[in-house]
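I have placed the structure first, in the form of C-alpha cells, so that the comments after it can refer back to it.
Lettered A, B, C and D in written order, each chain numbered from 1.
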Amino acid sequence: MTPNRLEAFSDGVFAIAITLLVLDLHVPPPGSGELGHELLARWPSYAAYVISFLTIGIIWINHHAAFSRLREVDHSILIWNLLLLLTVGVLPFTTSLMAEYLKESSGEGLAAAVYAGSFLLMGGVFVGANRQILLKRPQLLKQPIPPEIARQILRYAALGQIPYVLASALAVVSPYVTLAICACTAIYYSLPVASRGAGHSDANIA
Amino acid sequence: MTPNRLEAFSDGVFAIAITLLVLDLHVPPPGSGELGHELLARWPSYAAYVISFLTIGIIWINHHAAFSRLREVDHSILIWNLLLLLTVGVLPFTTSLMAEYLKESSGEGLAAAVYAGSFLLMGGVFVGANRQILLKRPQLLKQPIPPEIARQILRYAALGQIPYVLASALAVVSPYVTLAICACTAIYYSLPVASRGAGHSDANIA
Amino acid sequence: MTPNRLEAFSDGVFAIAITLLVLDLHVPPPGSGELGHELLARWPSYAAYVISFLTIGIIWINHHAAFSRLREVDHSILIWNLLLLLTVGVLPFTTSLMAEYLKESSGEGLAAAVYAGSFLLMGGVFVGANRQILLKRPQLLKQPIPPEIARQILRYAALGQIPYVLASALAVVSPYVTLAICACTAIYYSLPVASRGAGHSDANIA
Amino acid sequence: MTPNRLEAFSDGVFAIAITLLVLDLHVPPPGSGELGHELLARWPSYAAYVISFLTIGIIWINHHAAFSRLREVDHSILIWNLLLLLTVGVLPFTTSLMAEYLKESSGEGLAAAVYAGSFLLMGGVFVGANRQILLKRPQLLKQPIPPEIARQILRYAALGQIPYVLASALAVVSPYVTLAICACTAIYYSLPVASRGAGHSDANIA
C-alpha cells in the first residue's frame, strides 16, 4: 500500500476528532440565568476546546512529517497508525471530562490526570509508530536516514512527552496546573520554528 | 509540505463543521403539540442552519482560492490555517446559541453578538492567514504577486468584514437585525460574481 | 478551480451526512422493557436509516457522474453544489423526523411529507445543478455534449423526481405509503443498470 | 468511474464511523459518585470502543486491499460498496448497545448477539463485494487473477467470519464470551502478518 490512502484515512480521523470537540460546548438552556454569566462560567470548556484543538492539529502536522518519509507502508505500520488514531479518537472524551470537572471539588484531579494522560498516551504511541518507521522498517523509507539521525529524532519526540508526564503528575496539586502545562505546550509548538531552534519541527510532538 | 494535504485536512474540517450544523435541528418530541406548529416555531434553527451553511461554504471557496496560490507551506502557514479551522469548528456552537436565543426575551442580544462575532473572528483570522501567505511568505507562492495587488486583495478581504462588525454591534438593537445582515451577506456572496463586480471573488470573505 | 477539490469537499459532506444517520438509532435504556421487544418496536428507525443511506449513496453516485463531466468549475457551479450539499446535510434531520412520527397518531402525515419533500428538494436542486453544468456552462465541460442529449439527461433526471412528488402527496393517505415509495425508489436505483434500461444510470437521481 | 473517488468516499465513511465511536464514551455527571469508581464502572464502553475501533480499522485495511485490485468500478460494485458502508455505519449503534447492556441482567445476551451479528453482517457483505470483484467482474481488475486464486481468497475471507458466527451463537452462554471472541479476533488481525501465516493478509476480514 502507498502512504496516500493511509494519509487520507488518517486525515479524516484527525479532522473528525478535532471537529467533534465542538460537541462539548453546550448552549446554556434559556432561563437558566443571565446568559453572559452562564457563558463565562463555562470557560473551562472553551479552554479545553482550544488546547485540544491545537494539540490535535500539531500532532496532525507531526503525523504528516513522520509518514511522508515513507515510500510504502506494511501491515505493522498500518496497525501502529491505527493505534495512534485510536488514541486521537478518544480525545473528545477526555477533553469533555476535563472541562466538566475542572471546577468541581471532587474528581477534578483525576479528570486532569486522565486528560494529560490521554495526550501522553497519544504521544507515546506516536513515538512507537515513529520508531517502527525509522528503525524497524528503514527499507520502506523514501530516502535512507542514518541510524544516529533516526535515534535523535526519536529522542526529541520522546523528550516532547515530558510536559505531559509533568502535567499528569501535577494533577494531584491542581487541575489548573495540568491545564496550564498543556496550554503552554500547545502554544510552544504553535510558535514559529525559529523561536524554538530550527530543525526540530518534525521531531517534536505536542 | 505541499498544500495538498493541508487542503485535504482543511476540507475535512470544513465538511464536518458544515454537516454538524444539522445536529442543531431538533425533532419536536411526539405529544408536545401540533407538529406543524412545532416545526414552524423552530424557524430560527432553520434560518441559522442555512445562513451558517452558506457562510461556511463561502469561506471554504475563499480558503481554496487563498491556499491554491501556494506552491509549498511552512510551519507558520500551517498554524494560521489551524487557527482558521479552530474558528470554523466553533460555528456549530455559536449557530446553536443564536437559534436557541433568537426568540427569547433575555440574552438574545448577546447570543446574536456572539454569532456575528464568531463570523467576524473567522473572517479576521482569514485575513491574517491571507496576509501571511501574500506578504510574509511570497517565496512560497506559485507565481509572484506584486505587493500592491496583494495589499488590494487584503483590503477587499478586510472590507468584507464590515457587515459582521455591523451585525455584531447592531445586536443591541435586535437579534433579528443581526440575523438579517448575516443572511444578506451570505446571499450576496452566493450571487453570480458578475453582479457584484468581477475579479473580487477571492478577495472577499463571507 | 478544478473539480477535484469540489469533489473532495462534497465527498466529505456526503460521507458525513450518511454516517450521521446512525445517531438516530437509539439504544433502549436498560430497564425500559424486554430488549428484543424494544428493539423491534424501533423498526421505523432502521427502515428510515436504510432508505436514507441508500438514497444518499445513490445521489452521491449521480453527483459524481454529473460533476466528472466538468473540466473546470466556476462560482455559479460552486454555489449550486453548495445548495445541493445544504439539502443533503438536512437529511439526517428529516430522517429522524420520519422515524419518530411514523407510528404516531398525530403529525405522522406531515412528518412523512417533510421526509419525501426533503428528497424532492435534493432532487430538484440536483436537476438545477445539472442544468447549470449541461446547458449554462457548456464551455466548462471536458467534452461537448449536444444540447439534445443534455436536455434528455435533464428530462430523465426530472422524471426521476416523480416518485418523490407522489410520496409527498400520498403522505395524506398514510406515512407507510410514503415510506414504501421511498424504499422502492432506493431499491430500484440500486438494481443492476441493465434491469432498468441501459444508459440512464447518470440521468436519474434517487 | 475510477476507484479513486469510491475510495475517497469510503475512507470518509470509515473514518467517521470509527471516530463517532467516541460519542458512546460518557462523562459521569459530577456528583454521581467518586469519579474513579464511576470511570472504572464504565469499562464495557472502553472495551467496546477499542474492539470496534480495531475491527473497523482492519476492515478498512481489507477494503483497500480488495478495491485496489480494480482498474475501474461499475454500478454493481458501487452498490456492493454502499451496502458494505451501510453495515459499517451501523456499528456505532451496535457498539453502544453492547456497552450499555454488558453488565445488565436482562437483554445482555441479545445485545451481545446483535453486536457480533453486526460484525458478521459486515463481514458477509465484504465477502459478497469481494466475490463481485473477483468472480463477476474480472474484466475490471487491473491484473487478471486466476479463478482458483480468487476462490481461495474468498474461502479465506469466508473462514474469517467463523469467529463472529461463534461469538453470536455463544452470546446465549454469556456476553463476556462474545466480547472476548471479538477482542481476540481484532487482536489476531492486528498482529504481524508473519505470525499468522504470510499471504493471508488481504484474504481475511476482521
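A few notes on this one:
Criterion: contacts are C-beta pairs under 8 Å (C-beta built on N, C-alpha and C of every residue); 3 or more make two chains touch, one makes a residue touch a chain.
Values in this document were obtained by computation on a predicted structure and should not be read as measured data.
Residue numbering at the chain A/chain D interface overlaps only partly, since under half of the positions present are found in both copies.
On superposing C-alpha atoms, the copy chain A sits rotated by 90° relative to chain B, to the nearest 5. Relative to chain D, the chain whose mean Cα position lies farthest away is B. Per-chain CA centroids place chain B at a distance of 26 Å from chain C. Centroids of chain B and chain D (each the mean of its C-alpha atoms) stand 37 Å apart.
Looking at chain B, residues 8, 12, 15-16, 20, 23 sit in touch with two or more other chains. Those residues of chain C lying in contact with chain D across their complex are 7-8, 11-12, 14-16, 18-23, 25, 27, 29-30, 34-36, 39, 49-50, 53-54, 57-58, 60-61, 64-65, 68, 190, 192-193, 201. For chain C in complex with chain B, the residues that touch the partner chain are 1, 5, 8-9, 12-13, 15-17, 20, 23, 75-76, 78-79, 82, 85-86, 89-90, 92-93, 96-97, 100-101, 104, 106-107, 110-111, 114.
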